[in-house]
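The same chain A turns up in both complexes below, where it pairs with chain B and then with chain C.
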Partner chain A sequence: MQIVTKGVAGTMESSDIIVRIEPAEQKGIELTLTSAVMQQFGKQIEKVIRETLAELGVENAVVNAVDKGALDCTVAARVKAAAYRAAQCEDYTWRTKQ
Partner chain B sequence: MYNIETGAPLSGARLLEIQAFLAQRGLTMEGAADFYVALREDDGTIVATGSLEGCVLKYIAVSPAAEGTGAAATVVSELVSYAWREGIGHLFLYTKPENERMFRSLGFYPVAHTESVLMMEDRKDGIGKFLAAIPRKKDAKTVGACVMNCNPFTNGHRYLVETAAAACDLLYLFVVSEDASAFPAKVRFELVRRGTADIQNVIVTESRDYLVSRATFPTYFIKDRASTEHVQTDLDIAIFTERIAPALCITRRFVGTEPFCPVTRAYNERMKQLLPACGIELIEIERKDGISASKVRALMEQGDLAGIRKLVPDATYEYIKDHIG
Partner chain C sequence: MKRLRRSMLFVPGNNPGMIRDAHIYGSDSIMFDLEDSVSINEKDAARFLVYNALSNLKYGNKELVVRINDLSSGLGIQDLEAIVRAKPDVIRLPKTECAQDVIDCEREIERIEREAGIPVGTTGMMAAIESGRGVLNAMEIALSSKRLIGIALGAEDYVTDLKTVRSDGTELFFARCMILNAARAAGIDAIDTVYSDVNNEEGFVKEARLIRQLGFDGKSVINPRQIPPLHQVFMPSKKDLTKARAVIEAAEEAERRGSGVISLNGKMIDKPIVTRARYLLDLAEAASVTPVEEV
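For the complex of A and B:
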């Protein structure tokens, strides 16, 4: 999936995460994460974000996420929505093969 | 939970209501916001507000009763989502230094500060990355800088650059990136680059959002409406002295004398006061024969190509000739 514009999904409400995705000037995923539970779950949130992007085939993007204690499923959903918007893709496949 | 109200722009009774709310929090609303958010109780009482003006989040305020309820997060969240949907991808805000922690938790990072105001941006080390991408020259001992809009690049600018470049080993020439002038930013940059290509020790670079931008120096872009006592340049100057100058080893800043524009003159005067304390010398260069970009633009209005020819370098002249009328 090719990121062509800016995409945003989510909020900064408690138990949610806001994810912003935009095209990258360099190769790879450049991720900035701010989290209310960075100490406890920072690594796990980052893992979910990167895995979700990989599942969607997003290889190059600048990703900015502000987390307020979202569960993994919420993180994945917000990343997907933001990525689809940033890719201007409406051919959604919400469930990925196990 | 509060009711979220969003809209743009504010007017009439709603504007007065929000102004009154801000006044209670010690904030005065100046200028019109592009978009605003208000949180209300079920009975309509406002408990929190925030606005977006260009790329700057403004007037974020929460009533004491709603503190600690996440109201500020809701407001910032709405503003950020709106800005991103509109394609504004780099956001700034000004706040009191004691609010740094709260805004950090909402994904903002410090850029620079004065005694009373902290400026933050929504990307981690955005300014650091901007600076890292600017070329260095190792053996340069005295490094100077000038910041110019060049709308368009004239013989006057050329004279200033030549004079400044002769006075240091390396000169950074920041061309204002804000697209708010008669000549588009890309064209202004290109004309400066071509018009100075023969001067070996000049590096032409963009100022992006960090120098003389709508975020750092809003009054510059509403010059005709601004009164000089409201010209707030301290943060723009703080970004230069705290971040840009140390990163690039700049010890001199060059400006042209400003006979016409009171806003630019106020900016130069303020730099005279603030720069020396930070180890930066401000050097004012006498304007050459009173050439100004506004004179060139006036001649363009009249279609006076011969007049323009005398005031601008070749590259600028060629561009104007091809684009006039």
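For the complex of A and C:
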């Protein structure tokens, strides 16, 4: 998935996370994360963000995320929404729940 | 035991906090909403959120319902592509005008189930009726699909269609009776509309008593505070429960004797009374699982 513009998803409400994804000038994922629970869950949130981007095939992007205590499934949902918007793509892929 | 649907809690599909906590309030069903509570610019984000919640979070034995956007909007089909694969119990179709609306939606659900390797027929449906035309077609809607678990009244759009506003319920009486009788004729549930004034508990309880007396199975609620008083309204009295237990005991005794005639205290008990007694005991059992708070 090619990031072509700026895409934002999420809110600053409690239990949510706001994710901004933009095209990168350099290769790779440049991630900036701010969280109220950085000490306890910072690494886990970063892991979910990076894994979700990898699943979507996003290799190059500047990602800025401000977390307000989101669950992993919320983080992944917001990253996907932001990435699809930033890729200007509506060709969604949905897996069947196991 | 038949699944109870006394309360169906609306949860806005783009609110992660409410989606996370939806199961703690004791409603019988949780309805994640992708339609009216989600702005047009956030439809995609809400779809990801609800899909991920259904795929990852545990909601115990709650019935999980997703209200999709109507198919004519173009958004409904995108909702189905995602949500059917996340395997909710029920898809709620809004603004149902006629049987064809249900049939069209069912065709798409069946196609997606096949593509996704989900056994055909797994996904239940319910249809919300929100217009004069829909009310007049309630019977054909209720009979339009074996997937339907119930039909519901959506009052806000309905009163707008009638060119009136909500008041004491007089304006909804015809629609409620049509929907209720259509549901009963089809052997499915009838779910009443929301009561929007969350600060008016007295008005809410009055409406809940009315719809229970009419025969509805339950009501949609928009605030968790409405759940305990609603369940209280549906809770049978001690006197009714004592009588119901006696009726069931008499019915079981008659069955043991191989007799088709049930009698209690010298009076013959008809089959509908046994059915009613079982329903009351089911309600009481459900209340013991989700205790009713004093109101």
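Everything below uses one rule, namely that the second predicted complex is superposed on the first by the 93 of 98 C-alpha atoms of A that agree within 3 Å, B and C clash if a C-alpha of one lies under 4 Å from a C-alpha of the other, contacts with A are read in each partner's own complex, and residues count from 1 in each chain.
Here, a contact is a pair of C-beta atoms (placed from the backbone, for glycine too) under 8 Å apart; a residue touches a chain by one contact, two chains touch by 3 or more.
Not measured: the values here are computed from a predicted model.
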item	value
Chain B versus chain C as contact partner of A:81, first or second or both or neither	second
First, second, both or neither for A:32, with chain B first and chain C second	first
Partner chain in contact with A:14 - chain B first, chain C second, else both or neither	both
Which of chain B and chain C A:6 touches, first, second, both or neither	first
Most chain A residues touched (candidates chain B, chain C)	C
Partner chain in contact with A:64 - chain B first, chain C second, else both or neither	first
Which superposed partner A:92 touches (first chain B, second chain C, both, neither)	second
First (chain B), second (chain C), both or neither touched by A:53	neither
Overlap of chain C and chain B interfaces on chain A (superposed complexes)	13-14
Interfacial residue positions of chain B with respect to chain A in the complex	70, 73-74, 76-78, 80-81, 84-85, 87, 89, 104-107, 122-124
Of all residues in chain C, those that touch chain A in their complex	15-17, 19-20, 44-45, 48-49, 51-57, 78, 81-82, 85-87, 116-118
In the complex with chain C, residue positions of chain A that touch it	9-10, 13-16, 70-74, 76-78, 80-81, 84-85, 90, 92, 94-97
For the chain A and chain B complex, residues of the former touching the latter	5-8, 11-14, 18, 20, 22, 32, 34, 36, 64-66, 68
